Amino acid sequence: MNQTILLEINNSIATLSFNRPQAMNSYNLELAQAFAEATETVKNDPTIRAVLLRGNGAMFMAGGDIQFFSQHLDEMADQVSVMMPYVKQTVLNLQTMSKPVLASVHGSVAGIGMSFMAACDLVIAADTTKFTLAYGALGISPDGGASYFLPRLVGTKKAMQLALFSELFDAQTAQEMGLINWVVPEAELNTQTEKYAQKLAKGASLAFAEMKQLINQTGDNSLSEQLELEEKSFTKCAQSDDFKEGVRAFLAKRKAEFKGL
Amino acid sequence: MNQTILLEINNSIATLSFNRPQAMNSYNLELAQAFAEATETVKNDPTIRAVLLRGNGAMFMAGGDIQFFSQHLDEMADQVSVMMPYVKQTVLNLQTMSKPVLASVHGSVAGIGMSFMAACDLVIAADTTKFTLAYGALGISPDGGASYFLPRLVGTKKAMQLALFSELFDAQTAQEMGLINWVVPEAELNTQTEKYAQKLAKGASLAFAEMKQLINQTGDNSLSEQLELEEKSFTKCAQSDDFKEGVRAFLAKRKAEFKGL
Amino acid sequence: MNQTILLEINNSIATLSFNRPQAMNSYNLELAQAFAEATETVKNDPTIRAVLLRGNGAMFMAGGDIQFFSQHLDEMADQVSVMMPYVKQTVLNLQTMSKPVLASVHGSVAGIGMSFMAACDLVIAADTTKFTLAYGALGISPDGGASYFLPRLVGTKKAMQLALFSELFDAQTAQEMGLINWVVPEAELNTQTEKYAQKLAKGASLAFAEMKQLINQTGDNSLSEQLELEEKSFTKCAQSDDFKEGVRAFLAKRKAEFKGL
């Protein structure tokens, strides 16, 4: 793996850090390949129980690499066809891997950075973070799933507004519209992020995997179909060690010690 | 019907009261059977124009019967397969019966209690009510449709947060996130509940039945399909006595007297 | 085209004005035909880059023509079958035409006026505007897509409340629930509307067309399907003159001059 994304694994938590700080972590082919590969790695590692996605340097991600685009304006169709398979693989991995993914964002989140953030299960943001879809201002439509996630998170009217006007908005606004989960003072971002990541990694990982799948895929299902899927998941979890521990801990009024099994 | 749920019918309103107050109305096999049967009864009774769901004692429903689970931890797959058909039948009945269902909640709403509440069409809550999904803390995934209803009501990010962290939240928060309709002072819960139930029972029941079906099933349909369904419903209602009365009352600037026909 | 709706085209902006002010712009057969025809015209005119929908007189639209209904109460099925094809064509045109549609509302928005407003991509409202679904109070179910749009914009619980109780609510409330985008002082409605319409008409119209289609149709698609559609749109826009201009303007830190090509 090239060094445009760094992967560290500690205490069952995989931390993925965008690592092109000199280029505002903008998304180029190298990063696209490394990010897709890294999500594949954490997806397939059964010892990982929680994933954290963040950016090194001044911001989470500024969007696509516009300098690169400007040098290839007459061969964009080719460039897109090379890049897009990595985009799709990465977004699908984030949404479907059987462990929760927490995005911790700061500085700026723009363009495809918004799509990657939205593809994560949970988002914590520094209160100073600025967000923008940016695509419209560049004369292009979104990639990375923004047109899937945003209407579902903020409604179609607000999604249309953000897309058509490339509005810049702050963390408080992002939380109020349902785009992110938590806003914390910038100075506390790392400790608060760590706290949530730890909770995820020490949770009932089997149940979390079922919950994630049920919630992320419910949009494709009727109520009746979803009830069938819930039954399958429930039956699976009900036979796990973690459920036995959860029930015993609850009745003993003590904190459960989940092993993810 | 056993006595774990009580059914009273007055003035075209069916009131279903969970009646295991000594066990916090926790959901066990007896209650599962009685609740499924009761929803079947009210579904099939054409004289009932509104349904009210509430809990006797200190709370609406504490969730599943964990004491029972603890005694059957090695045979959970069998227990689930006995219980789940009742869960599914009940939730589908609440969502599809051709009359509005109002949940009136107080005390605590936890676990499958959240699913049943969410499966109702409207929810009124005492301001002192506390809510939690609870499943994650027990090491199990949701049943009763929580993974269907919550993402649609509060968005996937917030649904994931509530599911993974078993967060406890209050009535004001529940209302702000779109999970419930009204919050009233605890002392006024019964009178306010009665007021809404009366309005529902005296409304244009035929139109209400069509509205309920259109709104609860729109998630399965494209815009074009939904427009076709709206036309069928509209045509049906347009030929009803209630529509004639509605139009005449509107023009005479008097209150309409609907008969549900 | 009869004069119940007026169409003006200026600077690539098509303005459609309901023009039955003496009848509160209520929706009758004449208006239904003219509105369907007008949306067909603007849909098919490639020089139009933004559409504005508004009402002449005291309000946007009071709903269906109840006076007319009262005169045809015994032949409603026939009346509905004549009217409804125009309703469906109009709503589908508003949602699918390849240019953004901005509704500018004032006074009252009721009944099918709510459906037409919701079918537009963006909504700006005077702070004095009042909204109501109204159907339930008349004893009829919604037409024009209200049962499709509202659950997606405000959630099923709130949609059910608005439908069953025909609640009257104000512009601030409409914005908070996600039904509309902007609320401005009544005296500023026209200038603010003009400002947004101009921005839309001077934007990257090709990208806007793709964004509109992606956002309005995402509800029918799985994530994987949506990612495929995003790739097609992105590839198309990436080869456009507007994208070249957008990239060059971004790097030169100047405002892009989009031509919609």
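Read from first to last, the chains carry the letters A, B and C; within each, the first residue is number 1.
Note that in this section a contact is a pair of C-beta atoms (placed from the backbone, for glycine too) under 8 Å apart; a residue touches a chain by one contact, two chains touch by 3 or more.
From a predicted model like this one, the values you see are computed outputs, not experimental measurements.
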item: Chain contact graph, described as a line, ring, star, complete graph or other shape; value: complete
item: Relative orientation of copies chain A and chain C, as a Cα rotation angle in degrees, nearest 5; value: 120
item: Chain A and chain B, separation of their C-alpha mean positions in angstrom; value: 32
item: Where chain C touches two or more other chains, by residue; value: 152, 154, 216, 219
item: Chain B contact footprint on chain C (complex, rising order); value: 66-67, 69-70, 73, 76-77, 79-81, 84, 87-88, 91-92, 95, 135-148, 150-152, 154-161, 163-165, 216, 219-220
item: Contact set on chain A toward chain B in their complex; value: 100, 121-123, 149, 152-154, 178-181, 199-200, 203-204, 206-208, 210-212, 214-216, 218-219, 221-224, 226-231, 233-240, 242-248, 250-251, 256, 258
